[in-house]
Amino acid sequence: MKKRIGVYICQCGSNISDYVDVEKVNEIVAREQAVALSKITMFACADSAQNEIIEDIEKQKLDAIVVASCSPKLHLFTFRNVAQRAGLNPYNYIQVNLREQCSWAHSDNPPKATEKAIKLVMAGIERAKYSQALAPISIPSVNSVVVVGAGIGGMRAAIELADMGSEVFLLEREYFVGGRSSQWNELFTTNETGREVISRLYKTIMEYNNITLFTGAEIESKSGSVGNFDIKVKIKPRHVKPDCKLDWDKFKKAVEVCPVEFDDPFNFGLTKQKAIYKNFPSEFPEIPAIDVEHCTKCMKCSDICSDIDLNQKEEVLNLNAGSILLTTGASPYEPKEGEFGYKKIDNVITLQQLKRLIELRPDVLTYHNKKIQNVAFIYCVGSRQVDGENRYCSRYCCTSAIHTAIMLKENYKKINNFHFTRGVRTYGKQEILYNKSSKQGDIFFQSFDDSPTEVISVNGQTIVKIKDILTTDKELEVVADLVVLVTGMVPRQNNSINKILKVPIGRDKFYNEIHPKLRPVETVIDGVLIAGSCQAPLNITESVKSALSASSKVNSLISKGEIELEPTLAEIDDESCTWCDKCQSVCPYNAIDIKEEEGKSIAVIIESNCKGCGICLPVCPSNSIQLIGYSDVEIESMIDVLAC
Amino acid sequence: MEEVITAPKILVFSTEKISDPAIDLAGLLKKHYPPTVYTINIPCSSAVKSRWVLHAFEAGFDGVFIAADGTDCAYSETCTERTGELVKKTHELMKDRNIDPIRLKMAAICSVCSEPFVKHMKNFVAALSN
Amino acid sequence: MTQPNKFDALIIGGGIAGEESALNLANMDYKVIIVEKDLSIGGKMIHLSKVFPTLDCGACITTPKVSETARHPNISIYTNSEIQDIEKLGENNFTATLLEKPRYVTEDCTGCQICEEKCPVIVEDQYQWNLVGRKAVYVPFSIANPRIAAIDIENCSLCGLCEKVCPANAIDFSQEEKRSNINVNSVIIATGYNLFDPLKIPRYGFGKFKNVVTAMQMERQLVPTRPYNNVLRPKDGKMPDNIAYVLCTGSRDETVGNPICSQVCCMYSIKQAQLLLGALPMADVTIYYLHIRAFGKGFCEFFQQAKGMDVEFIKGKVGLIKEKENGNLILRYEDIQKGKVLEAEHDLVVLSTGILPNTDYSSMFKNINIEQDDFSYVHQVDELCCPAKTSIDGVFVAGTSSGPMDIPDSILSAGAASSETAGYLKGGIR
Amino acid sequence: MMSIIIINSRIDNSMAQINPDFAIELKKFGALDFNACYNCGNCTAVCSLSDEDNSFPRKMIRLSVLGLEGDIDSSVDPWLCYYCGECSETCPQQADPGELMMTLRRYLTSKYDWTGLATKLYTSKLWEFGSIFLLALIILLLFVFFHGPMTTELTVDGGVKLNTFAPWKEIEIGDWIMAGLLSFFLISNIINMYYKIIVKRKDVKIPIKLYFTEIWKLVLHFATQLQFSKCDTELSGKKYSINAYWIIHWLLMSSYVLMFAMIVVFLGWFQTDIIYNWWHPQRFLGYYATAGLTIGVVYFYIVRVYKKSEKSRHSHITDWTFLVLLFLTTVTGILVHIFRINGLPYATYYMYVIHLMVMFPMLMIEVPFSKWSHLAYRPFAVYFNNVLMAASKRINKKTEY
Amino acid sequence: MKKTIDIIKQKRTVPPGVKEGVKMFNKLKKEIFKVLKEKEMTILEIANEINADVDSITFNLMTCLKFGTIEVGKLDDNDEYYYYKLKNR
């Protein structure tokens, strides 16, 4: 039992003190017997305040401290550190959440908030009284990473991690690397093509011995934990012999004879694809693939080309990794049928389709055999929806559409671009592109949320209508040869991997980081990091930045050979335990074993496996399990204080 | 606000990674709920012991709310099931002690479910006041 | 005390980007030196009130990072210091001249501020953006790190009182500039940005009309350690009730040589508007904008939230500001939606000033040239694949030195810089 | 070669058809980078002539970008702008709104001109210089065939007998024919302007009375260019010599009008063989007008060369033609005068022919079809605008009650 | 112990503006204190009373507030201006 507890009540500037009478809290808390001192601070987290706490611990010989400030999610580790520096065990530190769960939540009722604050601090003191000194558990860590998704972010992260000395397993669900970037031609702002960037990265990756690339690979299951994940990876057969020197003429013939034809996802359905394919000649890995989902195994191709092997089977690999980095990217929003005439009016396509179209028709821009002169871009399709479900801004689309419009004018003669925007968001240096497109004669319109742009078809003409606020709300119409829906980003539709990894998902359905500023690439699941557009819509540079950022976090996590873990474990009371196996059967981590002691069977906790979830606690018929930090005495004494 | 003073006292068991962030978020967004709601956080909702719940009633709480991880639980897929079982078990124990089962409630609160949380709290308070 | 003079990485600038890079590298066991020209690390972020879009307080997020950086065994920090020149001797081999300017206060200072009380001099406090005075000897600001005093010798009356009263005997006027050579394997430029000076747009009357303030001045008014007792007008201390924001002041403006968008002004103005409505419940806030650039995660929702709080948004750039006798201001603008030129009266005007490059870095490199982009930011030679790479191998860029960005982007950019630096350092060893 | 398309503006149920190529067309009249406009409205906000009823120049830029020709043609705003250059100077996109307004004035001049000549003169150098030479040639030929005796005999004062070579009565006939042509073109163009600005507008009905109550504004603005003096640039915290500009502009304008009157209406009084004392009104007014023209021309020449102020930064080819022609007219006029009073018969005769060869094309081209026409269009625009405003205010008043 | 201030005095002279500033501030401070001794006042009232620039009163008064020699009183009836008073010591 701790008897010299130091209590610090943080004003958090005014965040707490505006609603909670901190003086009163301090006054009441100070009367508590176990409290050796209690103080009010402006910012408990400030360096000076931290030093003051250290000084107090040392001079006043405090045996536990309570800081009543913000959510422990922000500063638990900050103050544990403070305790440690003062020579106090970090687990003798208790944080009370006065801000998120008191002052802010009850800013409508300051007297009640103060009352609640007093109880919360008292409960914290109770908890501190029973707190034990704990030492973190150190577990070994393998210096290897599984990077999921070989798009530009994943590839960049793989290279950097390999540079820093980690073993990298790069998994790609598709048969070819490059992700979305390989689908785009010139990229803003350098005008390098996506294909060039990807082949540059691919060639670099091939130079590393410590990067292993798996294509057609998906995670099937995960076990273990940070430092030591066991990951089962399912690898789809490619049906082309891996080390073959492929005869390209034969490959072309094989493609010709393939009877299967379906909408080509790489070209967003603008063209047809065969079951045996390569999206473009310089795609990597060099050898083609046969799409297992569509192939009918008619053997026609293998008759032509001996390098084709339709007998390849699905493989399952076991990978051992210290950490998992998700760079699974995003998908373009697929407009609903009829949304701005999509799939109802035949010359309405998406921006992504247009980008493919430019590449497919390098000389004259045609669509459905009609020459295109007037192109109408409709912005914010699937983003910033007032009633729809995607309320967020997709960030990259304004610039992407404008950049594409510039490309159109540069590549083809007599193109007129019309931009139906909801306010152009070419932030930062991208503003220059907006400038350039205006100067080249592109016409911009802007509508407000309450009267969106409309696309209608009249007598075979496709008309785009807008109430243009730039022209005093005048209603304007453009007859367009091609309507381009500037679609935003949505999370990957097929997100089977998260059924396994369980990374929290945010309001916008993208993966959620712990904190956008403090820990922007980490998730609440230890050892699982996120980067790139699986986290939020980002452009390429931003994706790469976050991927690289994640790389350095991964490296500092796993490269030291060991990872320190929370010592929050279950404990078995040997006396009362009479082995019944209930706890073992519910434990998701195989952390409970049976042992013989003094002639009876009792349960025992395997420390490196125990995650401290406490699932075993309620199932024990004899109440023989306590969770460290959440023992009956701690919880019940807190309940007593809160209830009175 | 006189009626608040007599408002029922509620103990919430929240979970560190899922429902507690939602409760934090409610505060961050200044979504108000009754100040007689007190939270104790634990790692996982399937770790709540029946004796804690019963202790809470004995100590004077009018209601106990388990803000469960639901399917978001990072520990176990069986979390919902487990939490459900312990609630069922506790309900039985409550019946033995003549405690109205309405006083223990459980609902899954995801990590951004601040709005549902506030709604649950208001409804629970209303139900307990009757 | 002998200082080591060899480091794995030199980080120029101790703002949030520099700190993040330093921490990442230090956590990977590299020895890092941070050189900061200001008296405290923490950059501009440490002075901010709550930050968008989560509205958690800037100081609360910065201070733990600052103290973690300051305490890290692998990080050495030099404040009030500058890098005068850097020479590249070869791969993984740079030499730099470090200039430590005298602070005239030794590290024995406890930050007790007794000297500050006695000092007779009052000058404008740069950390409160000149809204209030400070002494010639002063602790920079309450959460400064290191939290020790410094003497502003340019404004010192040389009365010697501070030295007399200092209980720690920490005042030392005999300090002189100190130059030393350090040897480093890599360099990260994290010199950050400058804010646009609205004196360059005379038609907005900044400087002449005291109730026209910059957003940074408003930011200071919104923090707990604010210069006044509430949000007040700098002219006469009136509590404002009708506040205007003028966006794109010095951004997207060729006439001041800054054609690009500063990326943060829309959002910080929306944030300040929300905070103002909290601080002054009766106030009206109007934001005059061109386009609202609410593009990041949660930004759009944040913008909608402001609209829901009845912040008024008017599309149109303010062309002209005139002052009335009572200190109120008349803003002339075209309401684009109405297509009419209008005049509106406000009692406080906040200029949402843009971000300009801090070009201090450009003169540091002696025997090899560092390329700048068209806007004088550090040129990213391989922007798509290696966003931190500069024209000099082994020199990387973090944060707003490569272009305007918000805090999350700066932190990611700093992460990228640390990762590329680590790759470079390992590559050099291999 | 305009690819007519696409935008239908449905205001007033009239289909205003225009196209993005309009911008290309407009650039021939001089406009610069107005496409760069991102619609911030700064130009309108800094413009001291812009007000709630007439907010410009951004709206004109917008119409030009969209190519809504109908709306542009019916707009008076370009005439209300006196080009202080404030908008261009402060335009964040450097889209040069001031120069666009100037361009639109050229464009409107060509639009008001039903003959189509103005368009040709503005957009084709061949037309511009070809017609100058053609008109000069006509004068030359007229003199070659019809000039009077080139006597070397001097008057009693020692002056040249100019009226023998070119009797003022005959010249006056020519003057009247010219004045008739000028009036015909100019008046018909103004009627066309009236049609575009007022008649085509269906939303405002104008009571006849208003035309009379507002007419004094036409006179006022013609005589004083009052608008101009409102063109205040102090607001930006930067002072131009805008008042000097206004004074000199007025000096030039009044000299021109005076000279025009003396030549066309009072030629018999003005073109005499007698040499009066210098204070005689004939010589005095002549000197005033000549001095006014010289100072004006030289001043505008200098500002256009040095490009110190925003408004003189950009000069269209027709601006230079006008200045040069006006300058040559003035110089040759002065020379005729000098040669005459100093008794140099041949020099006087040849110079007189040259003088007319310059003056005639200048007047014929500039007055109805080009730069000089703004002398008429500006006050009329102010007048029409006032009529419109007064009418719509009446309507508003009615709807209010 | 030798005072280091003497060392710097040999190297530097005080810029004239600094002395001027100290004098100005002290003068204004004295005047502000004098009028506040009578009663609590708003910044505008102080400026009227001592006939000085409002903005320099604001600056210097707020500086005194920062260093704790002046404190904030109540708001005026229109909720516009605060009254300021001398801090009782």
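Order of writing sets the chain letters: A, B, C, D and E. Residues in each chain are counted from 1.
The criterion applied here is as follows: contacts are C-beta pairs under 8 Å (C-beta built on N, C-alpha and C of every residue); 3 or more make two chains touch, one makes a residue touch a chain.
Note that the structure is predicted; figures quoted are calculated from it, not measured.
Shared contact partners of chain B and chain C, listed by label: A.
Under the contact definition stated at the top, the chains bordering both chain D and chain E are C. Distance from the centre of chain D peaks at B, each centre being the average of the chain's Cα atoms. The pair with more inter-chain C-beta contacts, choosing from A-D and C-D, is C-D. Of all chains shown, the one whose average CA position lies nearest the global CA mean is C. The distance from the centre of chain A to the centre of chain C, with each centre set as the mean of the Cα atoms, comes to 29 Å. Remark: chain B and chain D have CA centroids separated by 83 Å (rounded to whole angstrom). Centroids built from CA atoms put chain E at 54 Å from chain A. Across the assembly, chain B contributes 28 as residues in contact with two or more other chains. In chain A, the positions touching at least two other chains are 424, 435, 470-472, 506-507.
Residues 373-374, 414, 416, 418, 424, 434-435, 438-441, 443-444, 446, 470-472, 474-480 of chain A touch chain D in their complex. Interface residues of chain E facing chain C in the complex, by the touch rule stated above, are 3-9, 12, 14-15, 18-19, 21-22, 25-26, 42-44, 47, 54-55, 58-63, 65-67, 72, 75, 79-82. Note for the complex: chain D touches chain C at residues 38-47, 50-52, 55, 58-59, 89-94, 235-238. Remark: chain C residues 202-203, 248, 252-255, 290, 316-320, 322, 332-336, 339-342 touch chain D in the complex. Residue ranges of chain A in contact with chain C, taken from their complex: 11-15, 42-43, 45-48, 50, 70, 74-75, 78, 81, 85, 152, 156, 159-160, 163-165, 187, 189-190, 192, 197, 200-201, 383-384, 391-393, 395, 423-432, 435, 448, 469-473, 506-508, 510, 515-518, 520-521, 535-537, 540-542, 544-546, 548-553, 555-556, 559-560.
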